[in-house]
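Each of the next two complexes has chain A plus one more chain, namely chain B in the first and chain C in the second.
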Partner chain A sequence: MRFEENTVGDVLVAKMLDKRIAADVAPRFKAHLAEYMKLGNRSIVLDLGEVGFIDSSGLGALVSSLKSMGKDGDLVVCGATGAVASMFKLTRMDKVFRMFGSADEAVRALAPVGQI
Partner chain B sequence: MSRFRITIDSNLTEVCLVSRAVRGICDCLGLDAVQASSVELCTVEAVTNVIKHSYLGAPGHQVSLEVSIKQDRLELDVRDQGVTMPEKNVKQLSSGSSVFEFDPADLDHVPEGGMGLEIIRQGMDKASYSSNAGTNSLKLTKFLKLTRSHA
Partner chain C sequence: MKAMILAVGKGTRVCSITNVVSKPMIPLLGKPIMESLVEHLRDSGFDQIVVNTSHLAPVIQDYFRDGSQLGVELAYSFEGQLHRGQIQGEALGSAGGMKRIQDFSGFFDETFAVLCGDALVDVDFQEAVRFHRERGAVATIILRDVPREEVFRYGVVATGAQGRITRFQEKPAVDQAVSTKINTGIYIFEPSVFDYIPSGKSFDIGGDLFPALVAAGAPMFGVELPFQWVDIGSVPDYWDASRLAVSGSIRGYRIPGRELAPGVHVGINTRWNPARTTVRGPVVIGSSCSIGDGAVIQGPAVIGAGCVIEPGAVVRECILADYTRVSSVARLERLLVFGNQCIQPTGEHFGVEEAGIGWVVDDARAKQEFAVEQLELLELVRTIAD
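Our next item is the complex of A and B:
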């Protein structure tokens, strides 16, 4: 499972480089996000711009991660298009996750004024 | 009519093979990207359900996908010889479930699983389940908008 990570102020932008998030990788995907949180990241932007397919197991892992983050942190999604965006809409998870068009947009929303 | 079968081992890492094959078939049949993605997703959900629930996650069993391409429809029949789907799930497949009727603000009750059958029900034109002589069959149908002249 490959990610590209960038930090902007206190915001971690994690861009997933794999094309698919399905049941075979969902546990590793969830563990990877848990590791980010364990390292103290409380504002995470997950960039799904390169992902072309996500199934309900992948989405379930993401929901579980959001629950783990709790109310004192942010886990938001950016870059979802096509089948991935449709999946969020079909399952109404687009109402659960804060979703942004680009990583820049997401970072601006999460970072305190003056930090970026 | 064209018909062929894809058989994989009951291993989640193999599901990608079925997924990509079905996507290719949909593209060849002229389904638009939205419909092709939907059929691909429904197939993945069906095959994943078989591996997780019929075979309880154990590899070493066969999952078959029989593909039938007819003039007006694409039929995908997912077959296994594992545990039969519970009656309440079979009922959900035809009458729907409330899995997506959650309150988005109530995070504790947002589902992490149990979404596959509802995704299939909404994504396909028909979905029916049967079990006969030890073989379970989940038949998914997508009607083709364009009538295929060479079918």
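Our next item is the complex of A and C:
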């Protein structure tokens, strides 16, 4: 599982470089997000721009990560297009997650004013 | 008069749909394209029609049988082999398929029409045959003028005096095209055309036969007639065609069901309470459907027969195949659901099973069994939906 990480102020932008988030990788995907939180990241932007397919277990892993993050942190999604955007929309996950078009937009929304 | 419908194409451009049905069987408001073609041929005076089949042949034959229910005589020319219970197609090409029939029985003994089974057309065949006979043509192609940027998708034709075809180019580059008149896949032939088609060999009408006719100096003509041509050859084409049909924008195309509310046509044996749902036309709801209270259906939308739209579900601008179940938590927007696939208007698609979203959309007849994580997601979405 490959991620490209980038920190802007207090915001961690994690770009998923794999094409698929399905049952076979979902547990590792979840563990990876848990690791970010363990390292103290409280504002995480998950960039799904490179991902072409996410299944129910992928969404489940995301939801459970969101729950772990709790109310004092942010886990948001950006860059979802095509089948991935469709999956978020048709399962109403776009109401569970804050979704942004690009990483820049997401970072602007999460970073306190003056930090970027 | 006699005609032939070319129905062997595998339909790769709409493969997400043609995995389940062959291209001529793709339903427009529940009615296969080929049924409309047979009706139009019948109304134009063609009473004997041979259909060549291979890919998913039984689907076509089980539906049309001998043609008597449509008032024509139908026969099939099967191109392939049954190998251990599986049908294996055998590529003969469109002209090769014609020749096979002629070699078999000499069926084509008078002026005849040939057309592709994957576009809805209402061409004036009588006018086309009149044009063809007047010029003593061996072959006449029905032409259509298209914008220059689209020529690369088609066979392009250059015509001279009286419509005589002087050049033929198969799918030329935009800057190389000799004209913007394209071959629509509708032809009128004389039996003498078979002199130019070899037996037992793959031979294509556009790619092989027409160049051979041009080379031999045979009288081949093209005629541009005004007619509706609704292509369903690709997912975007099918998407557009369905929306036009449900909106009543295809001339002469009947919208099934009864109009129970403005722009909302509903089949029989369907459970629907207009006062407890939000349905905005143009919408066609098939027979034996169940539309739950609180559901939202926004047109243009086509809901196939036997669909279950659960209470609270949202379906906006979608085309749902027969027996699609849309769960109460689902929000379907601009999607085709066909053969257990969610297909976007661009053609991009993913499988319902592969994506593990049977808890959102699946077959209405399937037993509902979900994994624990799917049930958790379902519960979560339910709480936010409330």
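Rule of thumb we're sticking to: the second predicted complex is superposed on the first by the 116 of 116 C-alpha atoms of A that agree within 3 Å, B and C clash if a C-alpha of one lies under 4 Å from a C-alpha of the other, contacts with A are read in each partner's own complex, and residues count from 1 in each chain.
The working rule: contacts are C-beta pairs under 8 Å (C-beta built on N, C-alpha and C of every residue); 3 or more make two chains touch, one makes a residue touch a chain.
Since we're looking at a predicted model, the values are computed, not measured.
A.B. asks: Using the superposition on chain A, tell me whether chain B and chain C clash or fit.
C.D. replies: Chain B/chain C on chain A - steric clash.
A.B. asks: Report for A:20: first if it touches chain B alone, second if chain C alone, otherwise both or neither.
C.D. replies: first
A.B. asks: Going by the contact rule set out at the top, does A:68 touch chain B (first), chain C (second), both, or neither?
C.D. replies: A:68: touches no partner chain.
A.B. asks: With the two complexes superposed on chain A, say which partner A:91 touches: chain B (first), chain C (second), both, or neither.
C.D. replies: After superposing on A, A:91 lies in contact with both chain B and chain C.
A.B. asks: For A:82, decide between first (touching chain B), second (touching chain C), both and neither.
C.D. replies: both
A.B. asks: Looking at the overlay, does A:53 come into contact with chain B only (first), chain C only (second), both, or neither?
C.D. replies: The answer is both, since A:53 touches chain B and chain C.
A.B. asks: List the residues of chain A that touch chain B in one complex and chain C in the other.
C.D. replies: On chain A, the residues that contact chain B in one structure and chain C in the other are 22-23, 53, 55-57, 59-60, 63, 82-83, 86-87, 90-93, 95-96.
A.B. asks: Quick check: in the complex, which residue numbers of chain A touch chain B?
C.D. replies: Within the complex, chain A touches chain B at residues 20, 22-24, 53, 55-57, 59-61, 63-64, 66-67, 82-83, 86-87, 90-93, 95-96.
A.B. asks: Which bits of chain C are touching chain A when the two form their complex?
C.D. replies: 329-333, 335, 342, 344, 348-350, 354-357, 359-361, 371, 373-374, 376-377, 380-381, 384-385
A.B. asks: Would you tell me which residues of chain B are touching chain A in their complex?
C.D. replies: Interface residues on chain B, with respect to chain A: 12-13, 15-16, 19, 33-34, 37-38, 40-41, 44-45, 48, 51-52, 100, 102, 104, 107-108, 110-113, 115-116, 119, 122-123.
A.B. asks: Which residues of chain A touch chain C in the complex?
C.D. replies: Answer in residue numbers: 22-23, 53-57, 59-60, 63, 82-83, 86-87, 89-93, 95-96.
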